[in-house]
Structures are given as structure tokens and as C-alpha cells.
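Two complexes are shown next, each including chain A; its partner changes from chain B in the first to chain C in the second.
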Partner chain A sequence: MSRLNPGYKFLTLLIASLVLSITYNIRLNIVVFIVSFAATACTRSVNKKKLLLRLLPFFLTAAGMFMSGFLFSSAGDVANAAAAGERAVYVTSWDSALKLSSRVLAFGGIGILFALTTNSMDFIMSLMQQFHLPPKFAYGLLAAYHFFPVVHSEYEIVRSALAVRGIKTGPLSKKRFFPMLVHAFERSESIAMAMESRGFDSDAGRGQAFPVPLGKIDFVFLFTVNAGVIAGIVWI
Partner chain B sequence: MRLENRVDEASGERRILSCRNLTFRYEENAPPVFENVSFAVKQGEAVVLAGPSGCGKSTLAYCLAGLYPEYAGALTGDLYIRDMAVSLLSPSLRARRISIMFQNPDNQFCMGRVDHEILFALENISYAGDMRARMRELLRLVGLEDAETAPIHSLSGGTKQKIALATAMATGAEALVLDEPFANVDPISCAELAKKLEIFNKSGLTLFIVDHKLDYWRPFLSRIIIMDRDGHITEADIYPPDLERRKSAFTDRGLFFGDEWLDGRTPLPSPKPEENAVVIKDLAVSYGGKQVFSSLSLEVMKGTITALIGRNGSGKSTLLLAVAGLIRFSGNLSVSSTVGLVFQNPRYQFLSLKVRDEILITLKNAHRSKPAMDDPAGIEALLIEFGLLAYADTSPYMLSQGQQRRLAILSMLAGSRPILLLDEPTYAQDAQATRFIMELLQKRVSQGLTAIIATHDHALARAFANRILSLDDGTLSELK
Partner chain C sequence: MNSYIWKLRDIIMVALLSIVFAVIYLGAVYFASFLSSLLTPIGLAMFGNEIVFGVWFMASTLAAYVMQKPGVAIVAEVLAALIEVLMGNMYGPMVFVAGIIQGVGAEIPFALGRYKKFNLMTMCLAATGSCVTSFLWGFVRSGFGLLSIRLLSVMFLIRLISSVVFSGVICKLIGDGLARTGLLKSYALGKPRG
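What follows is the complex of A and B.
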């Protein structure tokens, strides 16, 4: 999976998600989740522990959605009702609960498949090379992305800097964001200047040091996956 | 008027950078940062521009690199790189002629990895050869061949500046502007970097260096230009053989001339009887997932200055954070009273948009039960002592670096912090500002303050500190 062209992989999975969003097929949703999970788990570069950890929020959300659908679904016109505690549970409750939760798992599976098998830089380069994303945005995104570690450590420094003045701040304190905001402005200007002084010119032609190849396999993947989802809607 | 790009017949050298009557303002009607600046730099020269803090040296550097006025302000006058007006060159063409190394090593990288950063620069100029082979060659030239795939954020300040140098060289620039590139780098890394720059200069790279200190440049600099506090070039031709004779050109302007300003200075005697302010035993700290030290012990006497020295990344800042109680640690650490810490970048500590309010916040926090402490006369007296009265209603963010540091120290001392920790308090300061801060500190220490200073400046440590401790590989050793 990690050898596929990231831009086309994204396109493939985006179309698959859109197609999937027009249906409420529980079995198809579960098949999509299992296939996505298997494909991700079989990719050599994927850390299995990380995969399970990343899936955890989706499992929890799916469980939450299941309970919501199960306990608060509309009654519909189904005659057979059973009692669960003091609440009336209709046959449709199972159905809508499974529809909701399986959708979360299907979309979660697709999202995780993309996120864990794709290198962020290759993805941006692919958007630039195959989908004509202007270099100004592509390198701007990369610069911002690479700043996360610095912003993270800065967040801690600001907490300490204020604490030592006797000012306690919570994680979302306005006081904590004020110095960070000032720095963010300065930093973005400084990086833009640095990029320009290294010859970055969004209007000029540029060489290609990070080629992201596009091959037949990417088109095969695009058609096979989406044909599979459509076939699933029709036959499953 | 277009300047001539002619062969200087007397010397046979060509001008690579020339400016005439350059005047720069940040806003149209604001007073100029510098005015009528004219000089020329010949190919292969290593010219140092010295001047007091806040005189406009860095602004001039940004103009020479073609970044200002595009990013800020308004520039009038003529500025040429060889025969081309800088304003007419596209960034890609300009980078092939001139590039810049910035003061802050953290804010000059677009990519996450060392190799990617250099390849990015090669892409920008559409390098015709094998980009990866050239990238490796550049890394070898700056001595970083083993760091090819390292994440940049994990590297030390000195290593980051070497990457910045390799990236600037990747564009094929004939001239390099350096804006205080050693401001945040330890002495060993400074010497290594200066040696690399000397080699590049000897092989034809023109250097225009903005710096407070001449120390590392003296072995190979060609000429010194001095800019005055009001942004005028007052000395354009101080050559190395004349340096000793022209010493007063530096000292009279509050600039460093070696470590001469420290001559005759000795630390204040330790007060008697000796009493501990900080006691550390078997301290272990892990920071950012790394064990910084595992068994560190230290005692600091009340009313003394202790200097902590060590390479970038040796753990000096981490030790200060632990003493201030701001990070988790194991072992025994006790302090006799409240601790203040002035960060290397004091801007992280500001909370208001007026200098006066900054002090008010500290006073209110420190003396909640004594509202009388925030009386205007008391604040005014503190502002006078710290030379900040004229800026009482100015935003802390608009102050010069030296003023910001003084304000940060004041914010701490106003809050009754008998123990004060300072992380690189003289970073990027000229001699005058450094002296102001250190004398202020010494005065407070004579009144009972205990100070621990992390610094790269060994001479400064010798002149002011009662003890100098070197932190290396998680171990503290005392320097005699």
C-alpha cells in the first residue's frame, strides 16, 4: 500500500468514501472495514500497535453510535417490540444502530488505511506533481507541518515561563496563546523569508528532487477498489 | 542612479555588492532606521558590520539579501549585486547571487529533514546536475555527512547553522550575508562553523557578516564597517592590521573589542557566614524522552553568582527548569526561597501590551495580600533602576532585545524572587547592554540575591561568577 502513488490513493479512497456514503449497507460497511484493516495491517511499514491505538477512537465512536441508534432510534411502524429494562426496543433499533456504527468503522478504516500507509511529504509532492497543487501551497503546507514539533515544545516553554511568574494556565488558556500567537506571526514571516533566500519562487520553474512516480498499478487500484465498492452495493 | 560595475583598477577586484544612499524606514513617516548608507564589497572579501544593538544592522542585512522592503518597510537608494539592481531580480535569480544565514537557527527551515532542506534549495534553482550527489557533497563540506536523514528539529543550534550554511551554498550564491549566526551557538560549534566559513571565503565566497563580536572573524576578516546607534556608517575601512590602533572606534561606541571590557573585573566576595540557597542531591531528569542527567549534585551559596557552561544540548536549560520546579525530576532538590527564571527568549514571559503593566502583573501576583506594593512610585523607581522608564507605555514586544531581557529580569525581581536563574542573559547583546545587565545583577547580588547563569561566554563567567560549573555528559565539574 505504501508504494502506491499517494495522490491517486487519496483520490481512490475519496471516491470510495463518497460512493459508500450514499448507501446504508451494513454488510458492505463491515466488509470495507475488514478489507481496509487487513490491507493496513499487511503493509510492512505499519506498526501494528499504532494501528490498534489509532483505531481505538473509531471503535469507541462506533460503540457510542451503536448505543445511540439502539436506544434512541425512531420507533417506525414495526409491530414487534421487546423490552430492555424500561425502554421499548424496536427491531429497527438494531438496524439503525448497526447502520450508524458500521458506517463509522468503514470510514474510519478507510481513513486509517490512508493515514498509516502514506508519507505526508510524498502526498504533498504527489498533489504538486500529479494534481498541479501550486508549489506555494505545497511547500507552505510542508513548512507548517514541520513546525509542529517546535510549536509543541514552545507550548510547554510558555507554560513554564508563565508559571515561574506565578501565573497558572490551563491547556487552553488565553494567556498561553498570546505569546505563541506573536511568535507564530514572526515565525511565518521568518520562514517565508528563509524560503525566498534559498531561491524559492512560486512563479518560476523548478527542478524536481522528490519525484513521486505514477504507474499502471495506481489506475488498477483506482478502478478495482471503486468497482468493488459499487459491486458490493449491488450484490451484498 | 545606476552604479558602475567596473573593475577596480587599483586593486583589480570586482565589486559584488554595492549600495549608495540607502535609507530604510519601517513606516512611511517613521524616522529612518538607517540613512544614506553607501559602501561597496569586493568579490572574495569578508566584511564585518559592527554596531550597537538596535542600530539597524540586521535590517541592512535583510535589505542586502533582497528581503526588505518586500517583507517590511520602504527602501530608497541604489542597491546592486554585480550589475543588477537587487529589486529587479526574481528570488530564484537573486539566490544564485546572494543568500543569507539568519540569527535564529529555528526559524529558517522549510523541510523536516537535513537532506530534504538542501534538496529543496537545489530544486529552487533547477540544479542541472545530480541533486543528491550535490547534496551529499555540501553536507561533507560542512561536516554533516552523518546527519543526512536526521530530523532538523532534533539537532543542536550549531548543527542547524551548519545546515543553513550548506543550504545557502546549495543555491550557488556568490555572496553570503550572515546575521549574527553565532548568537545562540556554543563556543566549540562557533569555532567549527567559523573555520568552515573561512574555507568557503578562501575559495571565493564573499561574506558580509553582521556581528557584535569580532572574535571568531579576526583570523580571516578583510575589513570592518561600523554603524552608529543612529544608523549612519561612521567607519567603513578598518583593516585588520589597524585594529589595535583603532580600538577606541569600538569601545567608545559600546561595542565589544575582545574581552577587554572585563579587564580588572572580579566576582564579588561570597557573603559570610555561608548559607545554602540551593541544594541538589542525586538529581535525575528526563526531558523530551531523553535522560539528561541521572545523578547530579550541587550546592549554591546565598548571595553568589554561579555560572553554568556547556555545549548546546548539554542540559543547562533543563537544570534551570528543574531548580525552578518547572519539570519533573527525581532525587532531592531544595531551595531556600522562591525562584525566578528568565528564559533565553524573554518574549515568552510577556503578558501585556505595556511595560508598566508587565510589572504590575508581577507585583499583583507576588503580593496579593499587600495591595500597596503596586503603587505607581514604586513601579517608577524600578523602571528607572532598569533604564526602562522612557518605555513605560511601550509594548514589551517593541523593545530591543536588551531592553526585553532587562524587563524580564525586572518582572522577576519585582516579584521578590531571592533566587534568580538566567538562561543566556547576554545572548545577542552588545558590550554596553551586556555590562548594564551584569552590573545590575551584581548590584542585586550584593544586596542578597542568589543568581545561577547559564552562559556560553566563559570570559564573562570568569569576571562575574563566584563559581563556574561545566555541564558535560550529565556531569557537573567545577572550573578553577
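What follows is the complex of A and C.
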């Protein structure tokens, strides 16, 4: 999985997800989840512990969706339903609950397959080389992306700085993110200047320092996965 | 992407804004998931997420307010989505689609004002636009059609309030605050009016 072309892998999984979203096939959703999970687990570079940890939020979300579907299905909620004949409606709310929650798992499986088997740098390079993303977008995104750890620690720093002055702030307080945004503007100015002063020019012809190969296997993957999903809709 | 509008600096700016809001969202999401877990037994788990939903649109409306040019809201939302994918968002490819759809929602009110009106009203409308398109997308993506109208209307209301507060009002205030610092001199928002 990690050897596939990242851009085409993205496209493949994107199409597969869109095709899946037109159906409510519970069994197919579960099959998709299991296959994605297996494919991820079988990829050598994937940290197995991380994979299991990443599954937790899906099960929580799926549980949440299950209960919402169960108690508030469009077929009528459980309380009203009881009057109308318990057994019939019981089946429909079970059904909606399973449809909603299995879908969370299917999309989650696909998402995790992509996230854990793809290197961010390769993904962006692939978007640039195979999907004509202009270099300034590609390198601009990468430059900013690498600031994530800095911005993340800044969030804590600003909180502490305010706390020292006796100002308590919640996680969504404006006081807390205003300084971070000021830094974002200052930084974007200086990063861009640094890049341009070193000769970065988006429109000039450029070589490829990190070529991302595109092979037959990527097209095979594109067709088999999507044919598989469509076949699943028809037969499962 | 209308490449000529976007300078390298603008791209990095939008990407960094998305990262700041992503960090804030992460900070809030712990709280939101805690709330969701509490609400799961009564079937209202989605409400936890809806409360912070507006944070998703902040990068896009703020960038549009600062740059005040056509297409900014859409491109900013797509860049934000790409950043999410890079960070390993658990819904990967679907987040990208959601980004485009939300961006279109935010873009419409600005386009209707012919990119001349950028005030509290258009900001709130842009937030509403994102809210509406993202909610419609929920029918396709999450199967909202299977849920009762009652639940959906409350969900929509919470998402609307969250969007307008975060991406409308707060983004407007932040934009004005940033303009006062003098940092935005090279952007439309920082230029003296008149």
C-alpha cells in the first residue's frame, strides 16, 4: 500500500468513498471496513499499536451514530413507535442505526488506510507531478505544514502566558488564538520572503528532486478497488 | 485555481491559518468528544461535534475577509482540507470533498456582493452558507436522511449558531483586530478605505 502512487491512491479512495455514499449497504460497509483494516495492517511500515489506537475514535463515533439512528430514526422515534406496533418499528430503527454506524466504519477504514500508508511529502509531490498542483501551492503547503509542531506548542505557551497574568482561558478563547494568528501572518511573510530570496519561482521550469513514480499498478488499483465496490453494491 | 491572485505569501498565510485553527480545533475536540461520549446513551452524540463545527470554516471566512478577492473562500477551504489530509485526518479523502463543498457555501455570499461587500453581514452569511452546504453534504456522506426531522433541525440549529459565532462574528472581530496591528498592510483589509 505504501508503494502506490499517493495521488492516485487518494483519487481511488475518493471515488470509492463517493460511490459508497450513494448506498446504505450494511454488509458492504462492514466488508469495506475489514478489507481496509486488513490492507493497512498488512502494510509493513504501519505501526500496529498506532493503528489500533486510531480505531478507537471510529468506534466511539459509530456508537454515537448507532444510538442516534436507533432512537431518532426518520421512520419515527422509539417512543412514538411503541404505539404503532412495537415489532415492526423496532426493526426499522435497528436498520437505520446499523446503516449509519456501519458507514462511519467504512469511511473510517478508508481514511485510516490512506492516512497510515501515505507519506505527506510524497503526497504533495505526487499532486504536483501528476495532478498539476502549481509548485507555489505545493511548497507553500509543505512549508506551513512543517510549522504544525511549533503552532501546537504555541497554543500551550499562550495559555500559560495568560495564566501567569491571572487570566483564565478556555480552549476556544479569542484571547488565546489572536496572538497565534498574529504570528501566522508574520511567519507567512517571512517564510515567503525566505523562499523567494533563495530563488523560489513557481513559474520557472523546474527539475524534480523527489520524483514520485506512477506505474501500471496504480491504474490496476484504481480499477479493481472501484469495480470491487460497485460489484459489492450489486451483489452483496 | 486562479493562480494569478495567489502569491506564495498568501498561500503560506492561508495554510498557516488552517494550522492555527486545526490546533484550536484539536484543543476543542477533546472536550467535544467527551461531551459526545456522555450524550451517546441518549442518542445525541452528534451534538458534541456540532458545537465546535463552526471552527471548521474559520480559515476560509477569515482568509476571504483579509484578501477580499474572488475564489479565496473556496481555495482557502481546499487548502485547509489538504492540510487536514496531511495531518492524517481520520476521514482522509472525504475531508477533501467536504472542503470543496463548504468553500462553495462560503463563496456564494461574497460573490453575490460582487466581492465589494465585506462586513459583518456578509461574513455571517458566508458562515451560514458553509453551514448549509456542509449540512446538505451530511445527507450524502453521513446519511442524515435516516434521522428524524426533529433531531436534524436541532442539529442544524446548533451548527448554524456555531458557524455564525465562530466563522462569522469572531472571524470579523479577529480580522479587524489584525488590521489594527498594522500586519495586514499588503492585504485589502489593511488598506485604508476611501
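Definition applied: the second predicted complex is superposed on the first by the 220 of 236 C-alpha atoms of A that agree within 3 Å, B and C clash if a C-alpha of one lies under 4 Å from a C-alpha of the other, contacts with A are read in each partner's own complex, and residues count from 1 in each chain.
One rule holds for everything that comes next: a contact is a pair of C-beta atoms (placed from the backbone, for glycine too) under 8 Å apart; a residue touches a chain by one contact, two chains touch by 3 or more.
A quick note: this is a predicted structure, and the numbers were derived from the prediction, not measured.
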item: Clash or fit, chain B versus chain C on superposed chain A; value: fit
item: First, second, both or neither for A:Glu189, with chain B first and chain C second; value: both
item: For chain A as apex, the angle formed with chain B and chain C - C-alpha centres, to the nearest 10 degrees; value: 70
item: Which superposed partner A:Leu52 touches (first chain B, second chain C, both, neither); value: neither
item: Which of chain B and chain C A:Phe178 touches, first, second, both or neither; value: both
item: First (chain B), second (chain C), both or neither touched by A:Cys42; value: neither
item: Touched partner set for A:Ala227, first chain B, second chain C, both or neither; value: neither
item: Touch count on chain A, higher of chain B and chain C; value: C
item: Touching partner for A:Ile167 - first (chain B), second (chain C), both, neither; value: first
item: Which superposed partner A:Gly199 touches (first chain B, second chain C, both, neither); value: first
item: Which of chain B and chain C A:Phe137 touches, first, second, both or neither; value: second
item: Which superposed partner A:Ile217 touches (first chain B, second chain C, both, neither); value: neither
item: After superposition on chain A, the shortest CA separation from chain B to chain C (Å); value: 7
item: Chain C-contacting residues of chain A that also contact chain B; value: 139, 143, 145, 154, 178, 182, 186-187, 189, 191-193, 195-196, 200
item: In the complex with chain A, residue positions of chain B that touch it; value: 62, 65-67, 70-71, 90-92, 94-96, 99-100, 102, 104, 106-112, 116, 119-127, 131-132, 151-153, 167-168, 170-171, 288, 321, 324, 326-327, 339-341, 343, 345, 347-351, 361-362, 365-366, 397, 411-412, 415
item: For the chain C and chain A complex, residues of the former touching the latter; value: 1, 3, 6-13, 15-24, 26-28, 30-31, 33, 36-37, 39-46, 52, 55, 62, 79, 82-83, 85-97, 140-143, 145-151, 166, 170, 173-174, 177-178, 181, 183-184
item: Chain A residues within the chain B interface of the complex; value: 121, 139, 142-143, 145-146, 149-150, 153-154, 157-158, 160-167, 175, 178-179, 182-183, 186-187, 189-201, 203-210
item: Touch list for chain A against partner chain C, complex; value: 10, 13-14, 17-18, 21-22, 24, 54, 57-58, 60-61, 63-65, 67-74, 76-77, 96, 99-100, 103-104, 107-108, 110-116, 120, 123-124, 134, 136-137, 139-141, 143-145, 147-148, 151-152, 154-155, 171-172, 174, 176-178, 180-182, 184-189, 191-193, 195-196, 200, 202
